[in-house]
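Let me give you the structure first, and then I'll get to my questions.
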Amino acid sequence: MSYALYRRGGPGLRLVTIVGLVLFVVWSAAPVVWLILSSLLQQKALIARPPDLSPANLTLDNFVTVVASAAALGRGILNSLIVALFSTAVALALGAPAAYALARLSVPRANAIAFLVLATQMLPSIAIAIPLFLVISRIGLIDNVFSLGVVYLSFNLPIVIWILRGFFLGIPAGLEKAAAIDGAGVLRTFWHIVLPISIPPLGAAAVFAFVEAWNEFFFALILTRQSAQTVPLVIAAFAGQYQTVFGQMMAAALISVVPVIVLAVVFRDWIVRGFADGMMKG
Amino acid sequence: MASQATFEQRRRSAGLFLVAPAIVVLLAILGYPILESMMLALQRVQLNAGEIQRSFIGLGNFQRLLADETFRHAALNTLYFSVAEVVLVVVLGFGVALLLNHPLGRPGFFRILLVVPWAIAPVANAVLWKWILNANYGVLNGILQSLGLIDYYQVWLGSPFSALNFLLLVDVWKSVPFVALLLLAGLQRVPSILYRAAYMDGASRLQAFRHVTLPSMRGAVAIAVVLQTIWSLRVFDLVFVLTRGGPADATVLLNFLAYRVTFNFLDIGYGAAIANVIFVLTLLLAILYIRLVRPAEGAAR
Amino acid sequence: MTSVPPRLPPAIELRRVAKSFGTVQVCRDVDLAIETGEFVTLLGPSGCGKTTTLNMVAGLEDSTSGDILLAGRRVNELSPVERDVAMVFQNYALYPHMTVAENIGFTLRMRGMKRAEIAARVTAIAASLELSHVLERLPAQLSGGQQQRVAIGRALVREPRIFLFDEPFSNLDAALRVKMRAEVKQLHQRLGVTSLFVTHDQEEAMSISDRIAVMNRGRVEQFGTPEEIYARPATRYVASFIGNPQIELMPGTVEAADGRPAVRLGAQVLPLPGDGRFRPGQKVEIGIRPEHVRLGAGNLSASVRLVQPVGPLSHVVLDWDGGSLTATLPGFSRLQPGERVSAAISPDDMLVFDQETGLRL
Amino acid sequence: MSIQMSRRGMLQAAAAAGAAAALPFGLSSHAAAEEALTVFGPLPPDPAPPGAAKFSEAAFEAWKKAHGASVTYDLLAWPQLHDRMATAFASGSAPWDVIYMCGWVPEFVSFLTPFADELPKSLVDDLPASSFETVTWQGKRYGAIFTLSLLTLFYNKEHLAEVGFNEAPKNWDEFKRATKELTRNGRFGFVANYGDPAGIGGTASYWMAFLQQAGGKMYGEDGMPVFKSDAGVAALQMMMDLMAAGTDPGSISYASINDSTNVLLAGRASMMMNWPFMWNAAQDPAQSQIVGKLASAILPAGPAGSASIDGTDAWTVSKASKNPALARQLVEFYLDAEVQKRQALDTGWLPIRLSVLADPEVQQKLPNAAVVLEQAKHPYNSFVTPDFNQVTQAVGTEVQKALQGQKTAAQAIADASDLVTAIVKRRG
């Protein structure tokens, strides 16, 4: 068996991989397909048994209605974009240097600090919601997209630090030494060497932070009123006490997924593949 | 213009300079709320005459927990849910990562598809699954019946055990993508030279996986496990939408209980006590997992 | 009271330099003075502290105590760039995201040199290293030898005062290693830049160095020219580390035979040089290098156990009363295993070490 | 511009917004002199106020102009109302003047002002006296119900006719028999949402309706639970019997009434207990397969007659309001007879004013109005207390256990009684 074959696998592994990929596609896509169908069907057809998929029931009404509510959904998307981009950018800007410091710069008690940073995530958000609301309302920043974005740092920053720290720990020490010899100080080493070779994990961390901020519901519920409402609240508004307008809710959900999908398309290489395989060879 | 600090001192001070902003920001956001929630856990809080009245009762809330059967029940549910979720998510996530790392799984399509379950807003996700799992008009029943796998429509969320496991299934579905992403990035960091070495050493593919891939993935797996532990203990919206903790408290997880007690019962002190128990429990589980995944702490250095 | 003529201070000087990580002492009181233009190798097994010493000279690690001087100036607190040293790393440590040109030019960029000048110098260096055609490639697209040359080019481009090499050839195959060794030596001869080289390969060290510092457990056991190290090892450790095949070491006791000192090795008694270095009853260890064992004449009776021809030479392993002994003979030996031979060793060729201190007597 | 989340006629809403923006700017110069009110309530199709839901918009504009007031709506999906309110109250910064409540008056009473005591007599006299029960605490009236929302029985006329019922079951025995006979052809006789134990419309509140039908009460004069009685057990036994007779087994998993409503609307169940909003939903061909087949009746009588529970959608005024008088006037406007009529005709939410309920136009458009009015003649106590959520959580969970066969009715009621006693005592 050649090495190439060894790495790629023979027909057996190939079969297993194909079956696995098919299962993966079904597992990931089936509920999403149903989501798309739901958004295209009248409620009447959805509650039929089995669901009545006849073309007569297909309609774009749900989308028309949802898009017509552009005031709410549009503002929600805009707010979510601002909150998510702000929170992601700040989380990376603060988190990447911190992660690097905790991974490589012999900061005293780095492991303990890193663990404490993570430990902040172990207290449920429910527990801090009321005190947080109190503080933010005292300073008059309720219903403000940026205060919401700052609150999102409370979970985005620690996770970004943790993800990146893991990767920074794996960077060969020689690179930093070479940079030091080449005359780059710590900050320039970080900027010119560490960050460029960490684009894949940075991409993953950015996508993570963006998605979490984009979809966050609980803090958004408590800390916004009308003007800073984010997309999840707009979506949730389709589920009332007595009626859930399921098709419209799914249509709104689909629309709200688009930016994340765009992000995934743009970042799909960076997220995981990064540079040529074996970049870290040797 | 020599600075009077040595190389390592300079690195250390640069490190402090780089780590400080993040810590300061975190402290500024979370410091007071965390301390406050710990204080609240020691208090009895009542809404009276238009304001909050708080009285210090020491460990009274925690004593109450000991006698609270719902809490015990919720703790057991949570333990099962959390452990099962971490295992399932990491194993499935690893599987997906391996698939997408294989040349056949490289096309960007798979990677985009991977992100989708995670990208759907949890609110919408929970409602989507509620409809899928509906006992009367749910599409899962429809599909299984038309495939001949079931004779009658099943009440998936009707019995305690089944309801808890379907809750688990939905959360696993939503959680796998990120962990897979993390592990995929980790897989691509495994130096290919190690596989060459394994090949030279005559290791079978399985042995190479066991002795090259797994050990190299320790760090990534550790992060995935710890993060997933934290998240699985924070599950709330799914319970809120899918089952409301029912039937008969079968799907009450600790975080949902903390929510219920705090926001539905307005028993804020007691709710804070439950939240703090979750905190301690998460901390212990995280430490345990870290120990399990990294048996030799020094070996990684 | 001799008057010392004014002379340049050593290019690199270490004074009682020590380094410990927590309770682990990696380097103990290392003293070393390297003259300008010298090519010095730190030689020793892995974990002996040689790389740490190199890193301390480079400014990549702090010393716990002691002084590091470059050209007479204490540099303990200086950054690597202020020390004006260049370094070639084990595994090359090329920046994976930069092209060859960028890798080589990075250090110039860090000094704020103008783009055009950087390009000119990179081009020149690349030409001298036969890298011109790969300048726009990423390191991952290069062969091992090319990566090695890029690493050297990166060090050369800034024309440093000192070159440091940290096991630079350990990833290369044997033939390439020998070739690169020659290239580095020629480079040194051409440029005459003070160089400090770290390796665990004694042959590499012998072939490339002006002087060698043999390190063991954080200490410099001996610092001298390759010849001194080989012919007059200061310690038993140095003797055993240098030389291929390894020196034979045999414990024995000093006796007086016919009024001359001799050493008893098992049943055999071998004469020692009569220069008064030895006291009867002294516990010693005798080291005999293979090329000093002369076969066909003498009073040692031995039998052939193994014959290993290596081309120009043959190594013959012998069994005798004192233990085993290796002899090196020119050409292809015709000896057969089991054959009995007689051997002679000149007292002057014997290296005698104190059994307790390991120092050569 | 406040949020316009009505899901119907969204285009009109957008058009209206455009029109508002196009108003001559002279009008807005009065802004400085305006009194500002903020109203916190649910988004339609849950019962939303004029201007938020599409009714009485012109009248609302006129009212604002006449009172020199600006009104800002802070509207939220109903399921999230309680949380945001709880957070705001618990943090001591609730910025609203008029607040929607649904059985939460006792819970939040300390943040409210008993404004309803000052409502004009003419208005109060036109409201069912019993409508104040859920908004009265310690003798003071803190809210005004604005829609008569009682549980009644909704049924599929066609299904019932198939098994020989020309009208709704009148009593428990008929109810059980009908359920049993209707359960056929893959359909179920009855469907409910027993998934969520707590709150109004939760499992416990259904049992409370049965409890009153059996002649029982939740609390005694001293405020302690008294439902550990024959009536309490009989009520639960009735639910269990219905379950066995042919309640959709999925009922135990339906966490919101919407889940079970869909079963009835799909024609897959024949009867359910539901709120007045059901009527319009069933007539909408986009979501209903039983258009024209729905009928409504008062709930079947138990040993003590028919009885129901109250949805208690009410307007309250915050204690922190800077302008409580204007806030009260706004609530009076919401309860204005003409506004009430438009509310009924345009949104399907029944009025609370007796005169409007008796209006022939209303009765003709909403045939169930008469039924609800009739139901209102029977008891419909929802037994709200400050710890209503906690009590219903405890009771509802025990009821769920009994419905699943984990406990007998007597056991479950005894356990529930112990739990509720502890809750009431802890309140002190």
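Letters A, B, C and D mark the chains in the order given here, with residues in each chain numbered from 1 onward.
In this section, contacts are C-beta pairs under 8 Å (C-beta built on N, C-alpha and C of every residue); 3 or more make two chains touch, one makes a residue touch a chain.
Bear in mind that the values here come from a model prediction, so they are computed numbers and not experimental data.
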Any chain that touches subunit C and subunit A: B
Sort the other chains by how far their Cα centres are from that of subunit B and give me the top one. C
If you tally contacts for every chain pair, which pair is highest? A-B
Just the number, please: Cα centre separation of subunit A and subunit D in whole Å. 38
So the centre of each chain is just the mean of its C-alpha atoms; given that, what is the distance between subunit A and subunit B in Å? 14
Could you work out how far the Cα centre of subunit C sits from that of subunit D, in whole Å? 90
Hey, how far is the Cα centre of subunit B from the one of subunit D, in Å? 37
In subunit C, residues with contacts to at least two other chains: 59-60, 79-80
Spell out, as numbers or ranges, the residues of subunit D touching 2 or more other chains. 83, 87, 90, 92, 262-263, 266, 268
Where in subunit A do residues touch two or more of the other chains? 47-49, 129-130, 180, 185, 236, 239, 244, 278, 280-282
In contact (per the touch rule at the top): chain pairs: A-B, A-C, A-D, B-C, B-D
Can you check the complex and tell me which residues of subunit C touch subunit A? 55, 58-60, 79-81, 85-87, 89-97, 106-107, 110-111, 138, 140-141, 147, 154, 158, 164, 171
Under the touch definition given earlier, write down the residues of subunit A that touch subunit D in their complex. 42-44, 47-49, 61, 65, 68-72, 129-130, 133-134, 137-138, 142, 221-222, 225-226, 229, 233-234, 236-245, 248
Under the stated contact criterion, what part of subunit C meets subunit B in this complex? 59-62, 76-80, 82
Residues of subunit D defined as touching subunit B within the complex: 82-83, 86-87, 89-90, 92, 107-108, 110-111, 191, 194-199, 203, 248-250, 252-255, 259, 262-263, 266, 268-269, 319-320, 387, 389-390, 393, 397, 400-401, 404, 406
So in the complex, the part of subunit A that touches subunit B is made up of which residues? 3, 6-9, 13-14, 17-18, 20-21, 24-25, 27-29, 31-32, 34-35, 38, 46-51, 90, 94-95, 97-98, 100-102, 104-108, 110, 113, 117-132, 135, 150-151, 153-154, 157-159, 161-163, 166-167, 169-170, 180, 185-187, 190, 200-201, 204, 207-208, 211, 214-215, 217-218, 231-232, 235-236, 239, 244, 246, 249-250, 252-253, 256-257, 260-261, 264-265, 268-269, 271-274, 277-278, 280-282
